[in-house]
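I've put the structures underneath this note.
In what comes next, subunit A is part of two complexes: it sits with subunit B in the first one and with subunit C in the second one.
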Partner chain A sequence: MRINWNELQEKSFYQATARERANGIVDDGTFKEFLGPRDKMVSPHLIILGEAVEYDDGMTAGVGKIGKHPVFVISQEGKFVGGALGEVNGAKMSYTLKLAIDCYDAMKEKYGKVPDDRKPIVVVSYDSGGVRLHEANAGLVAHSECMECMWKLQNKVPNISIIGSSLGAYGAQGFVCLSADVVLANDYGRIGLTGPDVIQQEVGKDEFDASDRALIWRTMGARSKYILGDVNFLLKDSIKEFRDKIVAMSDLPMSEISKYRHLGSEELVEENLNVVKIAGREKINDSKDLWKYYGNENVDELPELPQEEFLKVVKRRPRGL
Partner chain B sequence: MAVKMYLGKADEAVDIIFDKGTFVENKISNRTLDPDLAPPVFIGEAMLDGKICTVMGNNSKRPSPHFRIVYNGIVGMEEAYKFSQGVYATIDEDEKKPKEEKRPIILLIDAPGNSPGKVEEIVGMTKATASYQFAIEDARSAGHPVIGMIIGRAVSGAFLCHGLLSDRILSLPKEYGTIVHVMPTTSISVITKIPLERLNELVKTNPVFASGAEFVYKLGTINEMVEKPEDIRKALLRNISEVRELRMQGKEDQLGIWHRGVLGAERGGRTKRMEAINKMQKEFNEMLPSLLE
Partner chain C sequence: MEDVNFVKNIFYSPRKSKRTIDEKIEKAMKGWDKNGIDTEKRMNEAKKFTKTGSKVVQPEDCISLLETVIRSGDNVTIEGDNQKQADFLAMCLTKVDPAKINNLHMVQSCLALPEHLEVFKKGIASEVDFCYSGPVATDLADMVMEGKIKIGAIHTYVELFSRMYLDLQPKICLVAAAAADKYGNLYTGFNTEETPALIEAAKFRKGIVIVQVNEIVDKVPRVDVPGDWVDFVIPTEDPYYIEPLFTRDPALITESQIFIGMLSLVGIYSKYKINTLNHGIGFNTAAIELLLPTFGEEMGFKGKICTHWALNPHPTMIPAIESGWVETMMPFGSEVGMENYIMSKPDIFPIGPDGTMRSNRVMGQLAGHYAIDAFFGSTLQIDQYGNSAAATAGRIPGFGGAPNMACNAPGRKHPSEGWLKASREDGMRKDLIGPIDRGRKLVIQMVETFGEGMAPVFVEKLDAFDLQKQANFPIPPIMIYADNITHIVTEEGIAYVHKCKTLKERMDAIKAVSGYTPLGLTADDSKTQKLRKEGVVALPEDLNLSFNEAKRSKLAAKSMADLVKWSDGLYQAPTRFRNW
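Take a look at the complex of A and B:
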């Protein structure tokens, strides 16, 4: 498939396929895939169950370049079995992360110190519901492998989550994506652990009405996550917007990038626990209550405002304790 | 003969595993954890054959006073952060000890899931569970042997944070009430629309969607089955010393989650994973020189 990179830049991130997102994030023509469709590495478990398979198992993974930076890209395809992780695409994801660490080590050996303008970068484009239930036991451990790699990448390789496809980052992918250094999202981005349907099914409609779209967006959507701090930058919906932000951060020293982190230290445990305690104390039952707590008066308007207006008026949770 | 089960009674399992009467809750050497935070979990220190350990588990009998869907052993946000505090207290208290003396962290596993509530989605069950997973990795890298012992439910998201990243995972068999899965085969049948009878037939040869410790063992997820509760103590002692030994020899690749993939291939439960990563390694090796240019 020939991809016109320039056309791709203007394309809606939300509407782009996993392969388009991967190609468009890195420099024109530089993306090379691991286990591409030609390798035909399909899920053996879906075959046993008589389900349809894809030659890339619903994931595009590989390396491209941004300037001199090798950029390891993992891009999930939500249109195939909910973008969920099984044995093969799970291995693709975790091992691509591992190879980014190996690349860092090789670069350190070659240059003595990894130069800021050459350091490897990880970008994961999320579009997944988490564990693929058809091969649930394998999908679960694949997530743990990813988490170990996410942990190892800290303070070495900039690790950027980009979220803005139809499914967002749900289930176990929800916490994998927040284990990165920086989280970028458009207004379609969603992050969560338990999906609306599952909450309704497990706990009841009085806890969560899964048919209430507005409730879903203000609970799991990017704007709420931006107010509360999980999303670092809220972007317009084009591949170029995401790419430009990544390019702008690419030469920053690692210590600057680590400042955006959401978790991974004793200090951040206390910072995050403090928000949980506030939620318990204030009996938070709607994200609007928490937006208000952090100084927003116009909570009914916030989800509706044009993005530029929203960014101008919104008040965010201050970072730190 | 009825067997004693520990599902829902992880707190009682402490007494049969560790030296009698040595468990002190909310104490890690000189550090005291907030006793009012997260009653659904118990964290503290206990002696195992005279040596100090950090012990962490879920107390199914104590619901959360603040979050209504945290009960019966469910791991909520405060619980995951308190587990993290327990791990960091352990790391801090042993900071000056040489690697071979870092105390083990024993995770007694009996948890049915993460809290599927609305407030958890608003505030972030995501970050809570991930924080705990990173804490476990911090402990392992500091030299602490981390052993997960399944005595009840090891289910989905709860297993991901409380157990799966351990150096070693041991489990009692299903005769003792253990439940190890992402979801029951009955639910998988509903979602995949594959008749339950057919699924139950298929799991005999493919453990990847099966429920139960014996199947998960074949995937490498569980390192070792422990036949009965009376054997847990001995198995823990042996595994702690093996983990220490491997860690001292720098054989990290024979510990933890990545080694579970190796075991999964050896036991025939997860062979495609190995095939995939071998191919990727080859592709990467060919690319590497150009990536370093």
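Take a look at the complex of A and C:
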């Protein structure tokens, strides 16, 4: 299918397919896909189970350019088996990350240093429930490989997570996405370890009603994560908005980009533990209590406001506390 | 002076008139008021549950109240349709002692809650006459096979309501209202639906009316049901349950559904100038509603079609209303979250003197039968003749209201352009009644050739026949019979089946739009070409449309958040539909 890049820019990120997102994030016509649908690399496990397969195994991975930066893009497709990671799409993800590291190392070896305006960048667009249960062990191995790569990327290659598709980032993908340097999201984004239905099943409907989607979003949704600091930038829902943000950050020195991190040092672990302590001490029963704690008064209105107004009035958790 | 007495007699309230009843009439009543005397006896026993001058019963007394006023073998109606549920009363009814009360005959429009089946499992009730059972379709089928429940008949809505006034009169009526005062005056508000019809059926046959209410107030906003038609009101802790049944999230509309919508707008709505209509539940019709302000306007259809709707006020209509397409809507019920938006549009919705809407399921269904030119719906299976059904083996979902609307109204006399055109095109009319203009309602089935789980929609034989055998029904549970259908629209094209002169020809027309289903693969290309020439089948190219034009960008709203924006924040999306 031909992709019109200019039309893509205006398209809702939330409604775009994985391939559209991947193509739209990088410069027009620069995206080269690894193991695309024409290669027909499908999951061998799903075939044994008699399940439907897709020729890209639910993932678009490849490399494109933003200016002079090589940009390694991984884009998950939630419409295929919940975007979950199995053997093939997992390998596509970890090998693309590996290529970014190799690219950095090769540039460094050849030129002595990697200039800020040419350094490689990793962008992952998440849309996944975590591990694909049909091939659980392979999926878990893929996750650990990705995590290993993400630690190697640290302080070398900017690693940007986008949480803007219908499934968000759940299960193991929940912590993989937060291992990045920067997390971008639109209002529809969600991040969590355990999905709402599983929580309800384990602790009961009175504790967590999985059919109450307002509750889900104020607990796991982008606005709440923005207040808490897990999401660094809350953006409008178009591919262009996300691309523009990445373009604007692309030339920043690595030391600046690393400042947005949530994990990866002892101080950051302390910072995260502190939030847990506050939640216990202040008897937080609902995200709204936490929003209030960080200085927000109109907590009932916050989810309802148009995004511009939300960004104007919201008070966020101060970093480093 | 004689005139004054005459007027007085007419306006005497029922209670007063009983006291002052003519001695001669009273004598003659002996033996003819068994029902009334029986009810009086029960009501005397139930006096302990209320204080003098009040009809309020405490919720904790509800089970004993039911055990006091209900007798084994009674006809009982409990309110519960596909939207509103008297859920507290349904729960209480499962808790009465089956040793005391059993063999009830339930007459209810919907079997929707687990409690509705529970009364049969416990032996409190034994027989049921109903319309719709979608939410419990599988359990119900199991219970029928096990002989735990006897089905009198499966009806359509107005069919059952009208039988409640004739041969299925309820002795006990259990319903729900938004508010009541202590005299029993009810405010049923937006979701008035069928409450007054059920109460009237029971009360005017000396039945006993028990109402669960969300709150007791000093003065109701308006009286939807007068207090002397009501015997007991019970305030409940939680408001009664309402299902946002008609709400469809625009984010889930597919391009194939958009294409079917475009074909229908060009090939049917505009060709027949459809102004009065009903839309069934589904994503196909939601797509059309969202195409009106965009594609519809581009095509120049605005003002010429889709002005009067027999339809629930669901949110995908908001963009069309805001763009000035809609003149009036007649709702069967309300839709959760739409209340504030409805109140802001009194020209369009039936709004009472208090400023809130009153829906009416009976009149809505009648409008859907007599007053509309076209019904647009969807179904799970269509057979080679054009009969359609939602029932499959192992599931008894019932009918609901669709067959009341998805059928010709042979009694209709008022003409309209589309109604006359459809009848003039009718290939079999002349052979049945001669060359007479009689008119015909358009009944359109819009389906994708493959449905959920890639099951073919077009089949040789409906699963409904298997179910008929399993459950030993006297007639197969067919939703809409082939002779009522005028058009079938799929992503392959439109079959104008009413134009066919023979059943054989109709079968060929259906095959021509059945795509790659096993039935569609038997289509004969030369016959399809002939039908195209005759205008019995129209493929997309015959309507100058192509699938490439069917883009989601054509939808006036692409998400629930867009609908909220269109309503200027007045629409409050139910929490299950939110993604913010």
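Just so it is clear, the second predicted complex is superposed on the first by the 321 of 321 C-alpha atoms of A that agree within 3 Å, B and C clash if a C-alpha of one lies under 4 Å from a C-alpha of the other, contacts with A are read in each partner's own complex, and residues count from 1 in each chain.
One rule holds in what follows: a contact is a pair of C-beta atoms (placed from the backbone, for glycine too) under 8 Å apart; a residue touches a chain by one contact, two chains touch by 3 or more.
From a predicted model like this one, the values you see are computed outputs, not experimental measurements.
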Is A:238 touching anything from subunit B or subunit C once the two structures are fitted on A? First, second, both or neither.
neither
By the touch definition at the top of the document, which applies to A:136: first (subunit B), second (subunit C), both, or neither?
first
Between subunit B and subunit C, more extensive residue contact with subunit A:
B
Answer with first, second, both or neither: which of subunit B and subunit C does A:75 touch in the superposed model?
neither
Just checking: does A:165 make contact with subunit B only, subunit C only, both, or neither of them? Give me first, second, both or neither.
neither
Return first, second, both or neither, reflecting whether A:14 touches subunit B, subunit C, both chains, or no partner chain.
second
Report for A:187: first if it touches subunit B alone, second if subunit C alone, otherwise both or neither.
second
Just subunit B (first), just subunit C (second), both, or neither: which does A:207 touch?
first
Starting from the residues of subunit A touching subunit B, keep only those that also touch subunit C in the other complex, and list them.
none
The residues of subunit A that touch subunit B in their complex are 32, 34-35, 39, 41, 43-45, 48-51, 63, 68, 70, 87-88, 90-92, 95-96, 99, 102-103, 106-107, 110, 120, 131, 133-145, 147-148, 151, 172, 174-179, 191-194, 198-199, 202-203, 207-208, 219-220, 224, 228, 230, 262-266, 268-269, 272-273, 275-277, 279-281, 284-287, 290
For the subunit C and subunit A complex, residues of the former touching the latter:
251, 552, 558-559, 561, 569, 575-580
Subunit A-touching residues of subunit B, taken from the complex the two chains share
66-67, 69, 77-78, 81, 84-85, 88, 92, 114, 116-131, 133-135, 137-138, 156-157, 159-160, 164-165, 181-183, 188, 191-192, 194, 202, 206-210, 215-216, 219-221, 256-258, 260-261, 264, 270, 272-273, 275-277, 279-281, 283-284, 287-288, 291-293
In their shared complex, subunit C is touched by residues of subunit A numbered 12, 14-15, 166, 187-188, 211-215, 217, 221, 223, 303-304
